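In what follows, structures are represented as structure tokens.
Shared between the two complexes below is chain A, which pairs with chain B and chain C, respectively.
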Partner chain A sequence: MRFAFTEDQLFFRDAVRDLLDKECGPDVVRGAWPAGPAGAGARSPAARVEAVWSRLADMGALAVALPAVGDGLGLGPLDWVLLAEETGYAALPHPFVETACVAAPLGVAAGRVATDLAGAVVPFAAGADTFLLRRGGELVTVAAAEAQVSPVAAVDGALAAARVQAGTTGGRVVAANEDVERAFDRGVLGTAAQLVGLSQRMLDLTVAYVRERRQFGVPVGSFQAVKHRLADALVHLSFARPAVHRAAWSITHDRPERGRDTSMAKAMASDAAREVGAAALQCHGAIGYTVEYDLHLYLKRSWALAAAWGDAGWHRDRVGHAIGV
Partner chain B sequence: MDLTWSSEEDAFRAEARSWLEENLAAWRAAHGGAVASGDTREGFAQHLEWERMLFEDRWAVVSWPEAYGGRDASLWEWLLFEEEYYRAGAPPRVTQNGIFLLAPTVFEFGTPAQRDRILPRMAAAEDLWCQGWSEPNAGSDLASLTSRATRVDAGWVLDGQKTWTTRGAFCTHLFGLFRSDPGSERHRGLTYFLVPLDAEGVTVRGFGRLDGDEGFAEVFLTDVFVPDDAVLGQVDQGWSVAMATTGSERGLTLRSPGRFLATTAKLIDLWREGGGGPARREQVIDGWMRAEAYQLFTLATVTALAEGGSAKGGSIGAESSINKLWWSELDVALHRTALDLLGPESVLDGPWARGHQFALSGPIYAGTNEIQRTIAAERLLGLPR
Partner chain C sequence: MNVVVCVKQIPDPADPGALEEDHTLKRTGKLILDESDSFGVEMALQLVDKAGGGDVTLVSMAPNDETSGLRTALAMGAAKAVLVSDPALAGAGALDTAKVLAAAIGRVEGADLILAATESSDGYTGTVPEQIAGVLDLPSITFAKHVEVADGTVSVQRQTELGYDQCESPLPAVVSVTAGVVEPRYPSFKGIMAAKSKPVDQVTVADLGIDASAVGAAGAGQQIVEVTPAPERQAGEIIEDDGEAHLKIIDFLDGLKVL
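Moving on to the complex of A and B:
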């Protein structure tokens, strides 16, 4: 029994964390939003947004789970779950989960991947190179040029979401039967990990804010009502995180409880993100309710991801079936 | 990461399981299949028999050194034992305040002579310890306590009143804090004392808890002489000595995950017997997930303790606050769900109703959850005092 990550896994996480800290600040996330009032606040040019993706590729973060030929490391969820958490913390405006966690293990290395496994509204579809789509009991890859992509305006402007349609023939079959479920579970896990990262980001932002912001002559973070709200947020986050890490282990070892554990992770991470997000917004007061301030970038991503890949209710139901309730 | 048990740990679990099964049946049979609550006079005596059975076969204090009646079990084995203990439906430990709260403090601060005098008799359930922290005017604000210790030849004289003392009316000894420096305030000038309840000047009055059992007591001390070796740790340093104990109480030693996993299993059985619609189903699933998450959180904590080489890491101390928030609110939720499933039957004075009333004490004892939230916010999040 050892419920902890290896030195190597933590080391890689730290490297990705440092990279995203430098290269994917809120200005970069905002740079991925459409211009206009909704994208107000400091924003980076498109080139910087693109650069983050290349830098992640350069350091090998996108090829962790690619089969171990060529650039691939052939590693599993325990090796990428912490990276997914970091991409959540940064609200990375690129399809890390879809590309590195879902498609790569299927041997798909064709640029940015978006997939309808996440739901009918496909995140990061607008800039995808390749689509990974359900067709019957199989997953097929379709080049972006061969699909019909209808962009939609999502609340999270950096989500670059679209509805995607492709023909009933063509494309390449990359998974069938149980492997489709495995791919789905990897996406669920990656998304749950991102929600944990997003929750951590929102909590960190809020803690920093309430320590600084003064009312009645004292920092608002000294008020018990604020303390207790944020303590509850911390509790939610602290107990969702191990559920996510356990699911990474269950998928890595293809345990019989894989589906149950993955769904538990997503249900808890989605619930935690909702609780933490609500506390973050409330404890910020009016400043949090603007688009100039950074909180909304993370809050809106957390809403999107909580609803994608099955929401908390859907996954709770799946857990229920698994435990005979 | 490896979330499987070794073959040695599996063997340990199997040994515990079969011992518990056999001996629980024997104990219950000896009482005609109807054991009373451990918080009643009659039930307490019955539970002591059970405690002595545990001790005889070295299951009373598995994590203690063999010299004091334990098995030198690792924290992992201790967790497994707890899981099996509650899975088997074994009763609450009436010795818990000694073995889980006082003992870690004695191991850490006791002199060799104190350890030899106190621990074996505690393990054997010969000395029965209750906790003397709270006073009528010092609950959450423990540092405002006024019970005092006055220096005399070769010892101390204790005066004051302690209350909410769990099973105090049935115990033989009390551990508690007294103000030893009359000029001191708050956390300073307190000393940790070990007091026999049969000492001259001690009066114990039991009274009913919410469920009506005589599980509470108040303890009056008037001119009670105790010798020098009744002091645990340094004179006037009682606060830091006591904090080691409250850390255990809030942390995993008092309320291991096994307890809530067992309650959850019973809740799922209850659901299967009667069902209860989609809203109730969500509550049951949620309860299962929260209990499971507590288990996972604990596995991570124990891994950190095992690899950090110390059970006293600073961060573990404050983390015990979120731990306590989680299990105490989980316990309430599980029982509330059970009552919802029982519907009109829930008014009957049965095991779920009893369990519910006990669960309601969780957010209050061991430092109220309001205090825990404040600790978590200040020490883990770094919010200003």
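Moving on to the complex of A and C:
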């Protein structure tokens, strides 16, 4: 059995990492926030925020799991899990998981997709072209124009969240029965991977900060209390990441334990993001609370995603149910 | 039209670099495409597109058989690559690099134009493109910001301090491209998958008919005697504002000749 990612998978990751590094800096994430006190600081114009999405589409990153006709590559979660991690690292202000990981394998290629599979508050609803909605035991796609969208104030302003209502008829059925659960698990996995990426970003930001910030004549990172706090954060992250990769393997091979593994991944990734986020905020001191500083962009996304697609407690219950405790 | 692009695979500048005992850069880990070369690759792809046919061929050299940097450029759309890979090349200087690349370019049939970056991001000698032209006895134009090819002639806007010179040369010619003058495309996923099966002609210096003792550390004719870290940034001057501080700032800027 091979446990490492393939050369292609790593090249895909590097290509997306390079693109997001150049095109989706914190100024672009902030550009997706509504203008106002909470979105204060260096922000890019809307055109640059939009350009990230079209560049990802041009690269083929959004069609990676689309059935292999036309633009689709017909690949699976092991091929996109690292991409989801990178979109988390960048706090991409677009619905990558919903569009590329959840809807694309169902053959849905209709622009930006938002879904209520994550919960009643639908992330990225405001800019969506298509909604993927639960109806009874089925999933239907509904064009954005045919749905009623009521914006909701979310902790992360870049998520453009809303409640979405559509009629009880119309739309196109794209999944039923177990395929609905499979779609849900893909969303959970993608979100868990994003949380791992977000945790890595917050840790990187913090390590860079405590190396530079000096007190008593030395960098604050040289103090044991700071070192140990960040080492603990790294331990949490290092335990969550393999669980996420394992879940990608289980879903790719449609294993019977895929639900258990996916829930394990989301529970651990959510916990890790909370631990890393708390450590990052504390080690930054007062600057961490400043809206013009970038940390809050990643911290608030991690809070929002830790609660979406089932929080850590919900997923721990699901793991418990799966193993009979 | 066939364009050859000289590219260099370098250690990732994002990672802290390390030096070997002989003070040369450690190149043992993964190497990436030098970003300054991506402009030449993009320009070559655009020229071939515009000409309506032909290939972009990469030419590179490395002390080990690393190809991941080449793969990035192949994924962008280059058709094939020649990689001179030989341990004898470790510690190569600019002139022997030029000799080896010139010999490798000789393996590419029907090269109309040879592009290179102005300088690499790890060595910064900035002399290799002109040396290649010298070895091949070809005309050379440096610091290109815009390149057009028509009727066997290359027209180049050559960047200068004040603007640009308009230069022309018959083909084949060697042109070095200034960084930032085109926007390199991102490799597509389909390009990444296709790049795996593109031919990489891997050769040694012996295959090129070059004596191994004439290249690398042995043939460089120069030696790095000592390396010292860059001096730490000094603290700036602090001016107490007694109501006249703006005058001191103006003096400071005047001293820098920015006013």
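Assume the second predicted complex is superposed on the first by the 325 of 325 C-alpha atoms of A that agree within 3 Å, B and C clash if a C-alpha of one lies under 4 Å from a C-alpha of the other, contacts with A are read in each partner's own complex, and residues count from 1 in each chain.
Everything below uses one rule, namely that contacts are C-beta pairs under 8 Å (C-beta built on N, C-alpha and C of every residue); 3 or more make two chains touch, one makes a residue touch a chain.
These numbers come from a predicted model, not from an experiment.
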{"item": "Chain C versus chain B on the shared chain A, clash or fit after superposition", "value": "fit"}
{"item": "Which superposed partner A:Ser222 touches (first chain B, second chain C, both, neither)", "value": "first"}
{"item": "First (chain B), second (chain C), both or neither touched by A:Ala4", "value": "first"}
{"item": "Comparing the two partners chain B and chain C, which touches a greater set of residues in chain A", "value": "B"}
{"item": "Contacts of A:Ala15 with chain B and chain C, given as first, second, both or neither", "value": "second"}
{"item": "Chain B versus chain C as contact partner of A:Ala61, first or second or both or neither", "value": "second"}
{"item": "Chain B versus chain C as contact partner of A:Leu73, first or second or both or neither", "value": "second"}
{"item": "Minimal inter-chain CA distance - chain C and chain B, angstrom", "value": "11"}
{"item": "Residues of chain A that lie at the interface with chain B and also at the interface with chain C", "value": "none"}
{"item": "Residue ranges of chain C touching chain A (in the complex, touch as defined)", "value": "71, 75, 186-190, 192-193, 196"}
{"item": "Parts of chain B lying in touch with chain A, wherever the complex brings them together", "value": "1-6, 9, 76, 268, 271-272, 281-282, 284-286, 288-290, 292-294, 296-297, 299-300, 302-304, 307, 321-322, 325-326, 370, 372-374, 376-378, 380-385"}
{"item": "Chain A residues within the chain B interface of the complex", "value": "1-6, 78, 203, 207, 210-211, 218-219, 221-222, 224, 226-228, 230-232, 234-235, 238-240, 242-243, 245-246, 248-249, 264, 267-268, 313, 316-317, 319-320, 323-325"}
{"item": "Footprint of chain C on chain A - complex, ascending", "value": "7-8, 11-12, 15, 18-19, 55, 58-61, 63-64, 73"}
